[in-house]
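Letters are used for the chains, namely A, B, C and D, taken in the order the chains are written, and counting of residues starts over at 1 for each.
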Amino acid sequence: MKYIDFPKDRDLDLILIGRVAVDFNPSPEEGFKPLSQVVKFERYIGGSTVNTAIGVNRHGLKVGLIAKISDDQLGDFCLDYLNNEKNIDTSHISRAKNGEKIGLTFTEMKSENESSILMYRNMIADLALDVDDIDYDYIKKAKAILVSGTALAESPSREAVLKAISFAKRAGCKVIFDIDFRNYNWKNKDEISIYYSIVARQSDIIMGSREEFDLTEKLIVDKSLNDEESAKLWFEENAEILVIKHGKRGSNAYVKNGESYSIKPFPIKARKGFGGGDGYASAFLYSLFDGKEIIECLEYASAEASMMIRSNSSSDLPNTEELEEFIRESKKEYGEFVARGDLK
Amino acid sequence: MKYIDFPKDRDLDLILIGRVAVDFNPSPEEGFKPLSQVVKFERYIGGSTVNTAIGVNRHGLKVGLIAKISDDQLGDFCLDYLNNEKNIDTSHISRAKNGEKIGLTFTEMKSENESSILMYRNMIADLALDVDDIDYDYIKKAKAILVSGTALAESPSREAVLKAISFAKRAGCKVIFDIDFRNYNWKNKDEISIYYSIVARQSDIIMGSREEFDLTEKLIVDKSLNDEESAKLWFEENAEILVIKHGKRGSNAYVKNGESYSIKPFPIKARKGFGGGDGYASAFLYSLFDGKEIIECLEYASAEASMMIRSNSSSDLPNTEELEEFIRESKKEYGEFVARGDLK
Amino acid sequence: MKYIDFPKDRDLDLILIGRVAVDFNPSPEEGFKPLSQVVKFERYIGGSTVNTAIGVNRHGLKVGLIAKISDDQLGDFCLDYLNNEKNIDTSHISRAKNGEKIGLTFTEMKSENESSILMYRNMIADLALDVDDIDYDYIKKAKAILVSGTALAESPSREAVLKAISFAKRAGCKVIFDIDFRNYNWKNKDEISIYYSIVARQSDIIMGSREEFDLTEKLIVDKSLNDEESAKLWFEENAEILVIKHGKRGSNAYVKNGESYSIKPFPIKARKGFGGGDGYASAFLYSLFDGKEIIECLEYASAEASMMIRSNSSSDLPNTEELEEFIRESKKEYGEFVARGDLK
Amino acid sequence: MKYIDFPKDRDLDLILIGRVAVDFNPSPEEGFKPLSQVVKFERYIGGSTVNTAIGVNRHGLKVGLIAKISDDQLGDFCLDYLNNEKNIDTSHISRAKNGEKIGLTFTEMKSENESSILMYRNMIADLALDVDDIDYDYIKKAKAILVSGTALAESPSREAVLKAISFAKRAGCKVIFDIDFRNYNWKNKDEISIYYSIVARQSDIIMGSREEFDLTEKLIVDKSLNDEESAKLWFEENAEILVIKHGKRGSNAYVKNGESYSIKPFPIKARKGFGGGDGYASAFLYSLFDGKEIIECLEYASAEASMMIRSNSSSDLPNTEELEEFIRESKKEYGEFVARGDLK
């Protein structure tokens, strides 16, 4: 592979470590309105990590999940759902034993441009992931592990992730860091920077928004960096690829050899202001594992992000055929270079 | 009044202290099925205390609530809902300020006879009620306070309730104890008995199931009591009226003067195995405040309990007209003494 | 017995529930100075409950202790010490198993009139006493239990004490409440009043300072009571004897039959401003069990309190012979009625 | 400097981050006996970090301490003590504000060869050090910071240390890691390895026992390493000097240029089995800052370690003159090469 050398001959392409959650979205018939007025809800599997797992799996990657879910019917629902996907190994999803509950996300969709989420994350199952859940023999089955920054927010999940990274290094797995900042469970901004930077320093691929990179770099540098400066900083550590997202303006990718690329969003009618990141990560990683050029990876990522923002559910991720169909249609409508070019 | 002398000339009939929560019930179209398979949910206000508040209010009592709710959109929903009721004073419902969330109850309805609930009660807003939320001047506005046993499960709510009882005694308010046992948040059975018995000892009216009385009396006596023995025990303390429920078999009421009465359930087709208790309490307390005979209080209570078990939502409580209509219809169909007589 | 009917024919006179601790006192050679300048310390057993246990034992009462100590060498020291006393049953002193440490008290003696204490009470062994440590068969071996208010400051010790009181009531043991307020571990003043008043309501004998009674009565009455009003209040509950202390001014005792008595301190040269309370309780309870008149109980109590304030160590409690010798000497020097008469 | 380039022209040689504690040692007159039988104690300042600060200061280094102490008389004692030392800057020692107490260490000296410690470390002041206590402008005043592994055992001290290391890197300070393992406050062995290895990876000088290096390397390598392998491992990260101690057998030092050196202990009559490490670190660091050859640094370190094991108090550290006098005397008695040569 051109940009990064994943190890060969492993049972799994990717093991993801992080959050399995349940989303309660307003039923489509509710339309746009404040959450306090919504009566009818639909229940979906959710959580950035699980969405990315589903996403790359639908593109054909073989994935495993290391996660902790609740020992109740909502945990059952998630496990059943994942077991029904074709290539998701759930053998390392364990049950929380001290009454920790699976995280809930209630989505509020006030208009196309105003959406928010209400999270239940007190004594949450995913952050009860423990060092004892991390198994060297399992990790060395994978070409790479993907670590979600949210899993660093509290002990004991924080230490479970740090242990998994040590094992990944020892086993020759690549480490992918999806910063995925959520303003929950963290005690202060310094803590965020401390743990994000520990993980970033050991990561081969780092993906995040400009704000997430700023959070990560807060204690390390004395001023906010631009994307190029961030790339330089992390390439001096272990990073080989950096992806920095700028919301509706688009995103940039940097490769250790010095190349850089930009992509813009595909035009769509938004249902909500979130959910795009998981689609982005899914398509980008699939494309990268598939050996595509970075600019293609970005195009696929941007397209899948747009598809997800249009959708009512964050777990309704497309397969490759659907994604490519969307790209074709968009290009037919808006022109071949609809998403190419520097950030808006 | 015959059985109990409520103080006269107070602004409120009843102040209830306890749980405001949100219920997520399967939409009727989901029918009976395991919770893990339900996709569509409907959101209601819930929690035993709030249901009883709504229930007695619909019968015309003037009520206040002392409660803590979350500082988010689900808290907004509950407050809006209560403010839309005619005679519920919400001036002493406060917002939790440390990220505590309002309790959630997901109901599972597998069949007419198999139902269960899945609760979210970690770091819960209602148990964050604090001694500073208890205001003497407010309590002395009421003829009686109703205390829910669930509010005793953890500090600081536990101490808030105990403070409210001290103030009620000082202010000449009657104390009504609705034992309302929930197997959440309690650390062990001794703890339950300790706090239930502290409150029972100071209560004028105690309502609970046989199992709840057993829990209350566990440390005080060396064997399980029958209903008559329980009545004797608590009449030696402060109690004037005891109501002991036996589920589908019916319930017994005891009055300090030595009288006792029994009632059976009204025949209905059940939607779920719970929710009846709040209807029972609502109608019993309304009837008692209204000066009815105890046997009538029981009949109204039993009828409203049956109506609620039939309903999809625990907050869909009837007004007096609807309740009396149900009683008339039932008697027309099953005979005047459909619910009278000793326990089944 | 005249004032209170202890049950007959029990193996133990008194079971005390509360605090075993270790005191570090400046060596006598250090004289009076700020604690921050003291280098040489002497180690003693301490804690109000254990001191009272030692005190009454030295007067000949057969006592048991229900207590939790640390599982380390300081715990060993305390257990060895108590096992060397003649009639202290230590069978129900258990070891804390989760790293809780035995409480430490560093005493500061700046001058005869200025002394203070510095306490180590974080994650403390005594407050780890648990409902499982309370054994009905053990409690019914005693004529009375003595409960220290300090043991109510935190769970799970709080519930252990409340369980013990339930068992004492069931077993016909008298309940003695030594309010013993320490400004540690309590969350707020309402909490203090709540738990003190719960215990006071069930107690046969209540002993405390005027300030401690004020704390106890804070939520129950709308103004501070004087001693007579307090006596009236608690005699309407279960109390038969009340002892209310006023520091250097002396103390008052009230008996349910309406009698009241006063005593003043014996003149001594003080080493420190504390430690008197344990001596007071020891002599008062011994005298009461011994069947003495209340005024004599008070005189013995006041004398032993004075002896203890003179001493360098709070566990250096006198036997009856030494106490009576002190009384004789004091009367010889200061007159027969040295301590008699109303408060100064 | 030959082995490591400390930055020039800074106000302070070394800032130490870690534990200030109080030691209670049996008075010399108590001799050797179990701790449970000791009555007379002497109070000293203690804690590995503070001892090392005192040690290097007595050799003439200018040092600062970043530490959290209790807001009570024992905290006063420590601060007074440090302010009386010549060149210790205490401006960044702050007071714990939530009732955290300063750590206590009771030393047990059963014989020359049997000693142990009993620690009070529940809700301890030193581990309440917080990210807000870490000040970039202060850290850049120093040539190096020394981090104690004990300070990593719990949040928020853990994050304070990690923040300080980030700042040290940014400010061009060298990072010295004194592993200093204490089996307190840590939750499990994986956690120890995780945080020790995070710090070790960023450190310029690492000092610890063979067992401490094993703990650090546990998750990184699949077998226990020998000293040479450890040196190779950490020189591939940032380390320039490694010191690995083997207790009574002696110690080894490795320098990045490939050189290695060994030293043995100086013969003495032991008072206790601990306290040597702080003396070792003090003399080693002083010598290194002073520009001595590594073999000399080791000899000074070994000599001061032996002096400290002989002493009753861990804070009774020698100045350079006293240390050199000890070395001269030892060599006179046992020969010039008394401590030279490979490990015993």
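We take it that a residue touches a chain if its C-beta (ideal position, glycine included) is under 8 Å from a C-beta of that chain, and two chains touch if they have at least 3 such contacts.
Protein identities per chain, from UniProt: A, B, C, D = 5-dehydro-2-deoxygluconokinase.
The structure presented is a predicted model; accordingly, all values stated were derived computationally and were not measured.
Participant: Would you say A-D or C-D is joined by more C-beta pairs in contact?
Facilitator: C-D
Participant: Using Cα averages as centroids, what's the distance between chain A and chain C in whole Å?
Facilitator: Here chain A and chain C have centroids separated by 62 Å.
Participant: Roughly how far is chain A from chain D, going centre to centre by Cα mean, in whole Å?
Facilitator: Computed from C-alpha means, the inter-chain centre distance equals 42 Å.
Participant: Check each residue of chain C and list the ones that touch at least two other chains.
Facilitator: none
Participant: Are the chains arranged, by touching, as a line, ring, star, complete graph, or other?
Facilitator: Per interface graph, the chains form a ring.
Participant: Would you pull the chain B residues touching chain A in the complex into a rising list?
Facilitator: For this pair, the touching residues of chain B are 24, 27, 34-43, 72-74, 76-77, 80, 99-101, 104, 106, 108, 118, 120, 122-124.
Participant: In their shared complex, at which residues does chain D touch chain A?
Facilitator: Going through chain D, the ones touching chain A are 131, 155-156, 159, 162-163, 166-167, 169-170, 187-188, 190-191, 193-194, 197-198, 219-222.
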